[in-house]
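When the chains are written out, they are named A, B, C and D in that same order, and each has its own residue count from 1.
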């Protein structure tokens, strides 16, 4: 079968684990469009500071039309030049007047155009990622509020440890999501800076006007103006990657909790959508498809972000011979994968519901275990902590070996009965005994989220 | 500028750092084609062992026609099922007779089909990688032989240390390339195994015929038959990734040497092709474009292989919920990136020539340094090593401080003159003094390569 | 609290996640000991080929006494030289006669000594890793055989899918473990090669005797002799890292399965040892401590192996300025972490037992799900596959909605009853219906293991 | 040679690539000391909110004495419990009164103690890292100012491209260093938060006083108080790792430039210290030892930070079974390695000087290349850019082919002579023609640094 003739497409891969709008924002066509935008901004800046006459500027702006470029040919030629800017400038020159061509790209270097275009792409991708973070946070806020008193087992090392509420779990996720949202906003407003320095970062071609050109380009594009060109100083890229890494790892963490909560033997967190076409052989199997895909995408995103971070160390001298070019692929890919993880996680959270009854039964079946700490606490006010822990441990062991519930064993225990009444015990062993603090914690997360929402709507 | 409407394409990225034939071999269309091929092989296997009637088999084989499938729709549906096999089987069923549909995919699980299809894709990609490894090795063998006596400076920690020949450098690269070629061949012949176990690896649906089905499928596809299904045992994937990692890191290493050798101040290894359109501003700049691109692709390949390796640890139970799905993207991507690094490196080596005169001048200008060891060795036969080293060090220091060549300083040194004649010195300080051993080492690499070539032509 | 005065020790870290014998084999003291061993081997080799007189060799061998070296001082000085060999050779010279000192280290370069010493360290570490792999395999073989008919739920994406036996699961793990054992053996016997080339790999200091010196050193140390020196060709290191990666990822995979099987709601795989001191607050909590530690160590090992792999790409020219030195840390650390993951996994497997009753109950409680495929297969011989799947799906849905077991629902279903008797159903829905094939698969793994054991005892 | 008996020590590795004060701050003894400090802070907090009587608090504080603990035994026991806190609390209990023991660790969980202790360790390590960043920045500021007009070749893809000054290069490095300093300060003041939630994050054991306990503990330790416990939300760890990653990658980048500048054929940046004992065989070889070690440490740091980042994705439920424990090793190791890279880089920068004469000669020898852009710019004011580029390119080609300097060729060129006088040409081709802008850029970096210094001295 001549599969080589079928063409390449990342089909499944992209549609399953990526994020189409982000892919469009950071892909090659958008890269060209953004580079054209930067060349246009430079032309306007040159005009503003008096380095290019109005006619030249007008001609350049007219030439800067993505529709008139052959993107495939540009890609092909770019791969022969180690930079996409050389063929781009040649193509635009052919569309401009002689005077326009004379001032096109004046004083700039390839890396100025590419890095600044990348900043514009990152900005658009971050806006889209913020939208998904906000949508996820909104849903989590709703879950946190609604389920604040729906008891589920808290689990450490996979073992039931003590009761918690699903609302508090959602509030924890909400907290992380809102913090990421604030970090992404901060990235967008302070980290994204214009790159402009000319061939070796001295702005040599502009005489005394170099800094004015940079300021004008930054203003045109609404990007920050850095102290110095940053051709080889990639700390901004590290900051962006660090911010994305938080999103990607949080997506993996929450998705893992969803997969674990959906296990056949746990069944607390049921996927209601995104479970795919039911298998004909296993018609009742409800796979947590979105959560699984989010985990996969998180793995991919973390991996690509690690790649991106590692290449930031390799930018030697005034332009890197390999590390910079690797960023051209790794940064867009990392953005798409991170956004993909977030998108699938959001779908998984949207399409999931708590089976509160099942959660409670899971807890009750093993409550000999998870109530022991609460019993010891209740006893400690009467017996002191060491004695209380000894008694609680003994009662729990008795309950476990005889197969009765912890409360039942406690009620019948003489040492317990000496200090705690049946009502005391009922109160102490109420899985929702900590609900006051849980409420306060959930409220904190919701209050923070209201602040985040207020900022979002501005 | 509504760049979101421009569509996504990895344009530049793919054409610049990837490998189109490998991309075609491992992409989504080929994935579907290979899955169809596996379903067809299963049908034939079922027929052979008597689990499916000839008519059913014939109907399935007729339905197994990649041309009749809507690849985009399959990708879309696949992303909703956490497996591409469910929509594929449904689509094929609609193309088959009822009897064919009844036996299509019988007893198999999604992972059987996907993993086996991946093995077929990997096999085709490895063949292509072998071709480039062989082409590279052929060129390196030619360079090793031709330049075996062309002296260049050997450099440690970036400092000239002692003379070596470019032929020996090429022979070292050849050795690594040939070893990789043999490893890739071994992977192809022993590591690629059919995956077949049914839903949880028990072959339960085939009664007593399970192992016969596996054998028949393996024979149909010319893949190895494993002891057991390996749904969660990814050591074969680790082996493949390990083999590719060697190729990717060697590509990065050689490419780095080419970039270093092409530096303005070194200029020994001149790029003759692949230097891109000359910059209008910097017309004489000859960028080693292919070597730079190979370094970039090597970074990307190493990163993706690290991602692939790390997910192989996450295959829990009878099918992983995230790690397996991440492999769907990471393995093809790692193959394309590794092949891309190799392809650009091959182009860089093809399009490079040694400037032997420049290399010799580089050495001569600093030969006070690199000849000191040779001087000490020559003196040691007369003075013993400690005394010889003391004298050689003194002479070298004198040469350095007075700016004369080491030989000149040595000829005029009394302690040296006492034991070494001018002819002795000329012989001792001949940068090619070690040429006997260099010849032997180069011959070893060439002999190994002849064995590799003989195996290739079989 | 002046914690800076407390000194540094990796205390917990090493004892918890590492492997003390491997740490001793690959640490700094052993590194010095091995470097001394290499210098001694070189002296003997020089004597053998006639480049050093017997007295000099004898003096060097007498000086090569690790007990007389100040390891701390060597470490301190080494950090100032970018190589530990310069201070080592100086220290050894002071212990040798003048004649011995004159021939000590003759013609060698630092990297010859370090890389060859590392090969010796790796060999010792691999022997220890093989011991643990073999011990683990022995235990898994026992589990595979003993539990071949103990039914547990097979799970895909965390969902019960169909019955399997614990013995088959153990057989799968055994298969991977035995394959790793064979790979590690192969590494030890074929990959570990002497490094010997002199300052730039030309063996220049030995005149025509260079290759004879290499052969003699290789023979002395029982290491393979490579075609060429490999100062910058690190494919052997990649091979070693690839082999270790398989061990590390398999350890993580099995440990994850143990943690999942020990979850409160699953409880099939119970830790019996290594659960640590019981918490006073949670006396019944049985944490799967060894499995958790194995997962942690696997994470650390995979990470360090990735680091090691990535630096193998950075060996420029005749000696790397950074990548090689990073290997000095990354390779020992990766060995210790990999061995640590394996050691903790082995402890976890040793200290775990199957709760077969609980496993069966887990399956029975959800068998409406996992039996559906078996029901459909039984029906298909009478109704054809599409019809069989329709009926099986309908029965399973009815069972689920009415809360009865699948067999009960099937017995009462008219369409089923038309073709399958009660006995037929009992046989079809027997979770051990596939036991014939399971037996065969387990036997395959055991047979392979017998071959591995036979090779081990040689 | 029984090397297994030599004991394990990371001797060379630590002393060569690590940072002893940071190692002391983050090692196991300090970990225990910090955990004791957290237990003491909890006792005081319990006393303050009225949950523990003064005598109990006093007894606990008296018991909290690191000197009385057996650190080795604690490490040993910790490895059996999957947490170091259980044996620590037992050991402290034995040192306290019964009443003290009853309130020791009351309501806390192991992860509260460990994570909070880690925050204290990170804080101390960050202070030390800040010191080195500040020291490095001070030195770079000095270099930037002193060498602002010392011309060196700017190099892109390893090729000389245009003149720049070493002062501007140092200013670029200074900018990155100062930004990292500000990021590390921000981490220290806002990211480091107390972890306190009790076994599953509900603060259940404190009744209504839970949040007051958290506030009191945070105040005692001068750490931030988070909205919610963050047992499984590791975004703070991601932030810390992201900040360190910037430091580690910048260290690698600058160190690479130092190694490249010290190459025999370049020789602009000469190591004056830290070149190690001179090799007896190669007495004039001046290896840039510190820069090489910084590159190695940077590789190691980036790798360990990647490991740390990847495990942050694996924190399931209320406590991770593997990922958290891996952090115990990966975070301290990443801090030591990052600090080590920075320390060696600082030493490399301190012990390096610019050979300004050599730098100028390097430029002059190839100035036909690097002056072409300047010539074209000068011509463009008279001829327009396209024509100017054509002429400049022609002159440069003529200069290159005839082996004369660009200025010489230009002076003799008729088209040039028509528009530019000899003085014009001298001015245009002055490598310091851009010095106005260079001055302004350097001044910007110095001004920012003055702000950073002012903040440091507060």
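The rule is short, and it goes like this: contacts are C-beta pairs under 8 Å (C-beta built on N, C-alpha and C of every residue); 3 or more make two chains touch, one makes a residue touch a chain.
What you see is a predicted model, and the numbers here were worked out from it, not measured in a lab.
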Both-way neighbours, i.e. chains that touch chain C and touch chain B: A, D
- prompt: Counting C-beta pairs in contact, which comes out ahead: A-C or A-D?
  reply: A-D
Query: How many angstrom lie between the CA centroids of chain A and chain C, rounded to a whole number?
result: 33
Message: As a quick test, compute the distance in whole Å between the mean CA positions of chain A and chain D.
response: 24
- prompt: Residues of chain C touching 2+ other chains?
  reply: 82, 155-158, 161-162, 199, 252, 256, 259-260, 281-282, 287-288, 292, 298-299, 302, 306, 310, 314, 321, 373
- prompt: What residues on chain D touch chain A, complex-wise?
  reply: 82, 98-99, 101-103, 106-107, 109, 111, 154-158, 161-164, 168, 171-173, 175-176, 179-180, 183, 198-208, 210-211, 226-230, 232-235, 238-239, 241-243, 245-246, 248-250, 252-253, 256-257, 260, 298-299, 302, 305-306, 309-310, 312-321, 373-374, 377, 380, 384-386, 433-434, 436-438, 440-441, 444-445, 448
Message: Which residues of chain B touch chain A once you look at their complex with the stated criterion?
response: 1, 3-17, 20-21, 23-25, 27-31, 33-34, 37, 66, 71-72, 74-84, 86-87, 90, 124, 199, 252, 255-256, 259, 274, 276-277, 279, 281-282, 287-289, 291-300, 302-304, 306-308, 310-311, 314, 321-326, 328-330, 332-333
Message: For a test of understanding, state which residues of chain A touch chain C in their complex under the given definition.
response: 153, 155-162, 259-260, 262-266, 280-288, 292, 310, 362, 366, 368-369, 372-373, 376, 389, 392-393, 396-397, 400
